[in-house]
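Chain lettering (A, B, C and D) follows the sequence in which the chains are written, and residue indices restart at 1 in each chain.
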């Protein structure tokens, strides 16, 4: 995390750049778990996301020509589609799924890799993830990669050429927020590529916390789709991500044991 | 906290009403601790606050006619001025300070009462606070009252007629955030008047958390004034308060041990 | 909290002294909520407590001569009996209850005062508590007093002559542990009399944490009585209190961002 | 974590068995970071540990015949010596270090494997750790293995034949305690071999918390060696580990929002 309060220049904003593309929004959203396509569309619009992830194995991206196509709702002309490998438990399955996505999406190279350890926890299998990432990068993919909060694995994924590393806050779909902000900070401090927190966010305050830690973005699905009012929650998440980013730029006040401690000189009347 | 996910109707927004006045913004800000009036003005505008609190004993509201007047910067025509009794350690001093404010502000009745226990911690003295609140209400004031996170004292302040109760998140000026959300929830659940968290907020995620708990607003001063870029932090706080409010309205997803737990049925392809 | 790692002399142990009596054990226990007197006896013995509190309004201390007397199980010859005012909601009721206890216990002056705010939360009513403490001290009682974690109220109770101040960790019977260790530290740092954490402890780690903060003892009832195996939990609590006390005396290692940080010099082979 | 409060039989204690050896103590200690051998001896004795780990690369176990030998202080006749690979950053180095230890210790097969990711964080490199574990098991070692809190990696290490899995609480030497108890619980719930928390414990309350989660033991070094009074802290840690174990056996009370909630029936006078 660069930029402490003692630096000579304040932080200024820069766009998020992933695989050569530049984005204004730092909130990425998923398309699963909604009741219907109308709800998906309304929430996605309210989120103001520019990158939208779709589970290749669970969504119809044209595989089933007689059924409604998710891409009619989430248009590739409007959004950067991010096919993901949800439901894959081996490097091989994940690689195949990405290849399928590339075919369905006319040569689209940007993917979100996730290789899961088991169906109960949906925790990533980092060994298989490392293997799949190598394969996919060699095959010409731009790989955004879901991983644990292990800083050594995260650094390895970045150094092999992943275009974004996406550590979990807590288990996928759990809504437990950021269970180990300290581990996330280790990853962020050492980051060579964008770091996006990608699982577990349950509330806007969780999303803001992630951004305040200095991460580059967050990906949210369940917390929006499973809120009682998804579109309203999507709007809340958008504001929270912006708030967290601006707070990181603005640099927070130091924590003090007492306001009247030495670092907080007594003040007189302002302007006098 | 009314309105669980099992209620029949979703929550909808209502304006914040204090002492008969209606407000859109749920972020109240202070005017202390800024470097100069320009910074005060810029941050206040960026916050979009409608209620702005001023420390009667530390600000020039006209007491010193030859010096710059804070009210030229924070105009009573644009903002609801909320004189506060910062620096008072007894009910008597606090009451006098409110009376002085009423004179300076042409009969203005709305005040924020704070009676502190000592200069080191700035923790409220709840016994003196209760006494001062009674005196001020009898004297015709509309009393918003800073207090501890003691739910019994908070309920007593509401039932004697305070128009808003303002429990602390942590010590004034400490930036420690919400040290005891459980205590704040007890106060919010039993609330008969608006509850505003009034000390200790350090970051936008703290502010969002307060709103997600169901409180009606937050008051922030140090976290904006002592950020490296105050106006940018003010904007972040505005968004965080809105995000937290909307999240409370939208009702968050339930926390789950595992996403695949019984409350999370396996899903097929959406739309198929 | 006196005694940082930079002091010239290490901390050494002293007995706990309350109202002129000296105690070795820093674990106080209650007698409520057990299935029967056998369980009460076994758990009390396993706790090695020297002070045992009894709810005057809920226990038979001789009021009902035809029924089993708690004092036959918890003998005043072996234990320091601490009558408490559980179930009292006003200063007046609490004072009367203490007077009844003094009669039943042949002039016994040591009492634990608790005046509750309401039956749902069992949170203390600090205004009534302050009033009752004054009355009881004037009436010759040695008053140990249950209170909130408000440091101003705690200091006031000590300065009026209470012989021990007993702030809550969380709500009575909740088992939520120490919800606000920061507030407890404020009380401990300013303490003029013994500080004992008196509600909410759920586990041995909670008890150890309280002692590590520097408090002088803890009082536990529900966490022992409502464990599946109360006597075994009582023994665990005894060890945890001793562990926490010894850790406070031994002074913990400093927290470090990294072990290899400047405060942690690289080490060679020991003994070489 | 087997054994909820609704099971038909209470939990009962069993010895800790690692690689066919049975142990009474569940506190393992290290020998590094002490000022001198006298302090090492005193603290080790006070801990009542039966397994003592020694860093092969940093301790003289006979490599330097003219210098004091750690094994004269920590006798293999009294303690189970656990050579560890601290300071190794590759599977190859770690395997060699274990072979060296086996030679120095006359065919001793029990080792603690740690392969670190970098010198700043000392976080484990799980990929190299998995590789080293395979090599060492094939070479006839009994491998206790330090790892991250990744439940998939932990399960893989157990299923390949490691005799104990030792996830971190936080960074080695940091004293930050258990930063992610939820991740540790996932490992414990799925455990096929003993789980011992092996880094980051700073206080007895941390150690008790680990045991309350249901882990089988803890390994502590810095928190004892860097306390101001190491032998006293060692004794505190011993008690805390016993307390945490007994609490897990005794099964804690349920957490309750209010004591007076439905799960807490109103009580009459005991014995009446």
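Note that in this section contacts are C-beta pairs under 8 Å (C-beta built on N, C-alpha and C of every residue); 3 or more make two chains touch, one makes a residue touch a chain.
Note that this is a predicted model, so its numbers are computed, not measured.
Visitor: Shared touching chains for chain B and chain C?
Guide: none
Visitor: Same or different, please, for the chain A to chain B contact, judged on whether over half of the interface numbers appear on both copies.
Guide: Both copies, chain A as well as chain B, present the same residues to each other, with over half of the numbers appearing on both sides.
Visitor: Which chain maximises the distance between its CA centroid and that of chain B?
Guide: For chain B, the chain whose C-alpha mean is farthest off is D.
Visitor: Approximately how many whole Å separate the CA-defined centres of chain A and chain D?
Guide: 34
Visitor: From the C-alpha centre of chain B to that of chain D, how far is it in Å?
Guide: 46
Visitor: Take the average of all CA coordinates in chain A, do the same for chain B, and state the distance between these two points in whole angstrom.
Guide: Chain centres of chain A and chain B, defined by C-alpha means, are spaced 32 Å apart.
Visitor: Multi-chain contacts in chain A: which residues touch at least two other chains?
Guide: 121, 176, in rising order.
Visitor: When you check every pair of chains, which ones turn out to touch?
Guide: All touching pairs, sorted by chain label, are A-B, A-D, B-C, C-D.
Visitor: Hey, which residues of chain B end up touching chain A in the complex?
Guide: For this pair, the touching residues of chain B are 5, 10-11, 31-34, 36-37, 40, 58-60, 64, 67-68, 70, 119-122, 171-176, 202-206, 208-209, 212, 222-223, 225-230, 232-233, 235-240, 242-247, 249-260, 264, 267-272.
Visitor: Which residues of chain A touch chain D in their complex?
Guide: 117-118, 121, 123-127, 130, 148, 150-153, 155-156, 170, 176, 179-180, 182-183, 186
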